[in-house]
């Protein structure tokens, strides 16, 4: 089959298009941070950062970088008019308390039942680091994952059951990939928005996990 | 024996004299509120109020009364220069978290082991109301009680064991009364600062609870 | 454009269902959202569970709400007052359920709801009547009892100013339960004395970020001797 | 007269005992009390337990403290970084114990310590490796694990300004762990860029009331290209 994978920017744009006006959103470090650059300019969307910011704006010009104003990935950001600062306990009260509408996270693996593995490869000599991933995974109303569907070795990152250490159990509701968008529902997986040239049978073959086709794409 | 009971103002003055410079203090509603009027003017003492005030000042002139600035007893107060406002959860974090040096409470009864009863008479038709008393009782570093030693019927309010419903268990460390000051220690009660003309034997007879005399009064 | 400012008290209160749990801010009169309470009475929802520090005083505000008979249960720390006759009569008549909670436990249970905490151990009330039937546990030589969050459908609170994103600042001790209740309810409704332009509230001094607030309605501060000009919407 | 302002970093750090548990604020470089950390290194206490979100980066700050070998254990959420070589080497050599805690659980455990909560149930980390050995409980159909407070002897934090009563305000995202750590330690020490006169900080905007702060020391904000003029006391 002939099809082209989406670029990372294209996946970010696809995620951004699904974020509604007025949503409170946390973008995980790494790939998801790119979503900020593709938010529709006609929608007011409030970005949350673990380190106590609501209403994060785009990166500043180099001369305006403020060492006291960075995102959770420690990149310089700005504050939108109407944004607010608060301390870390209040910030995680927002996360854990279910006040974020959407959190977008990267992943090593996502299971067919929505389990998320994104914090540790489980290698015996790896130094573990978890940050806020486990809080975000259980706390946001919707947890979306943004990732390339296949590893460099061509293995599916959508798996029947995660082999990497879990970040959260049954938390992911949607996965945006470079080949398709896949919803995780109580009735199973449903794939849509396949890249041109890719059909469901081939996607099914690549993932190895039973996929249903969604009839009507939600927006 | 011939002796005169201290007035309420005199008890309040006695309590106030024991509050050191820099102390964070909560004064319970009722009698303890009077302590505020007797704080030594040469000491900086910070009064805390459950409803989110640290650094309460004296009552305002009538024309300066602000309905948004009252103490836990709902009496108008002022804010000292350097005072701060905060919300109720932070206010009780200060209380429960052991940040208050001293809390002064009224009482129906105090037991020989420091149990406090001050929120309910336990009468079957009484409407219960607890407010912040139980939080203050367990939270402050030192819980002092301020009360008249005897009920109107002449019964001691210092008792071997409280018959009224408890506010807290083993929490009171000192009781200021109209006849003496009584410390509650792991080794038992010790009384001092008896009013002139009252001796330990008579105080003992009035309370009916074993009292030791403290050799040197602490200040 | 996000705009949480409702044009009237009626609009701000729309959708409250029978049986809802409703948090009501205020300590004494400070921070008491009296006009929102009046609007709730007008709205007519019944079978309510109400959470407030007190249980109404005089004949207005929470007392007026209780008097309608539409409150099934009240959760509070200090119902008894010199002028709490409305509560007293309903309670003695067995027509109003009371859950009495120490004030610090009350606000911590609300805080737990807003912060996603499933339950917590507090030393407050251990060994007292108010611990009856509750689990206890000794931790590091100290005794605690287990308390659960109070989740709510609505919070009615009063703040000093809001912007259209729902950011709030309060005034002096009128802050009290407001920020905690705002976070504990699914839908938090703030009456404010003043609407601020977006950006006018200092981001360092915003007490309740808009994420915790669903609706805002302006109610002009009453001028002594003048009828309240309530719910006229934006200034 | 209450005066919490210490005249030097040395005075501010006096009394730290071997074996102390020390909270260190900051997220990345924002709010990181680097000069207090340097003073702690100079002070010489050993066998320390350190709590910080990270485990040091580069060769300064927390990394420099770890490098002294005087830290027995670190409690943090994100030790691994591109330049966390000091931690990495000590950890791999078995010379530093690590307690890895999810960031929200870390700050909530600190908050519990400051607020007198004995333990709490959190949904975070349920079903993961980090819940291993922890009690769990199903509450209202959801799974939680039990977490305990992190009490500390000292907190080293950085704020923007303080007055002599210890009231603090912060700057932007440098606030992060500061207010929570200040409340969680027996003795909290704040380095600040500026000393304010009593009354200059707005009582509505004070973030950490002085009750949570034991000592304050002024450390002038570094000017790019100029050596830091640290710990000169009052301005």
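Each chain carries a letter (A, B, C and D) given by its place in the written order, and its residues are counted from 1.
By definition in this document, contacts are C-beta pairs under 8 Å (C-beta built on N, C-alpha and C of every residue); 3 or more make two chains touch, one makes a residue touch a chain.
Being a predicted model, the structure only gives us computed values, none of them experimental.
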Shortest contact path, chain A to chain C, counted in steps: 1
Intersection of contact partners for chain A and chain B: C, D
Which of B-D and A-D has more C-beta pairs touching across its chains: A-D
Centre distance in Å when chain B and chain D are each reduced to the mean of their C-alpha atoms: 35
Mean-CA-position distance for chain C and chain B (Å): 30
Chain C-chain D separation of Cα centroids, rounded to whole Å: 34
Residue numbers of chain C (touch at least two other chains): 108, 111, 115-117, 122-123, 170-172, 204, 207
Multi-chain contact residues (two or more partners), chain A: 79, 85-86, 89, 92, 95-96, 138-139
Set of all touching chain pairs, with the criterion as stated earlier: A-C, A-D, B-C, B-D, C-D
Chain A-touching residues of chain C, taken from the complex the two chains share: 1-2, 111, 113-117, 163-165, 167, 183, 198-199, 201, 203-204, 206, 209-212
Partner chain D, residues of chain B touching it in the complex: 21-22, 24, 44, 46, 48, 54-55, 79, 81-86, 89, 92-100, 138-139
For the chain D and chain A complex, residues of the former touching the latter: 27-31, 77-81, 84, 87-88, 91-92, 98, 100-105, 107-108, 110-111, 122-130, 143, 170-180, 207
Residues of chain D that touch chain C when the two form their complex: 108, 112, 115-123, 137, 139-140, 142, 144, 148, 169-172, 202, 204-205, 207
Residue numbers on chain A that touch chain D, as the complex places them: 49-53, 66-70, 74, 79, 85-89, 91-92, 95-96, 120, 125-135, 138-139, 165-169
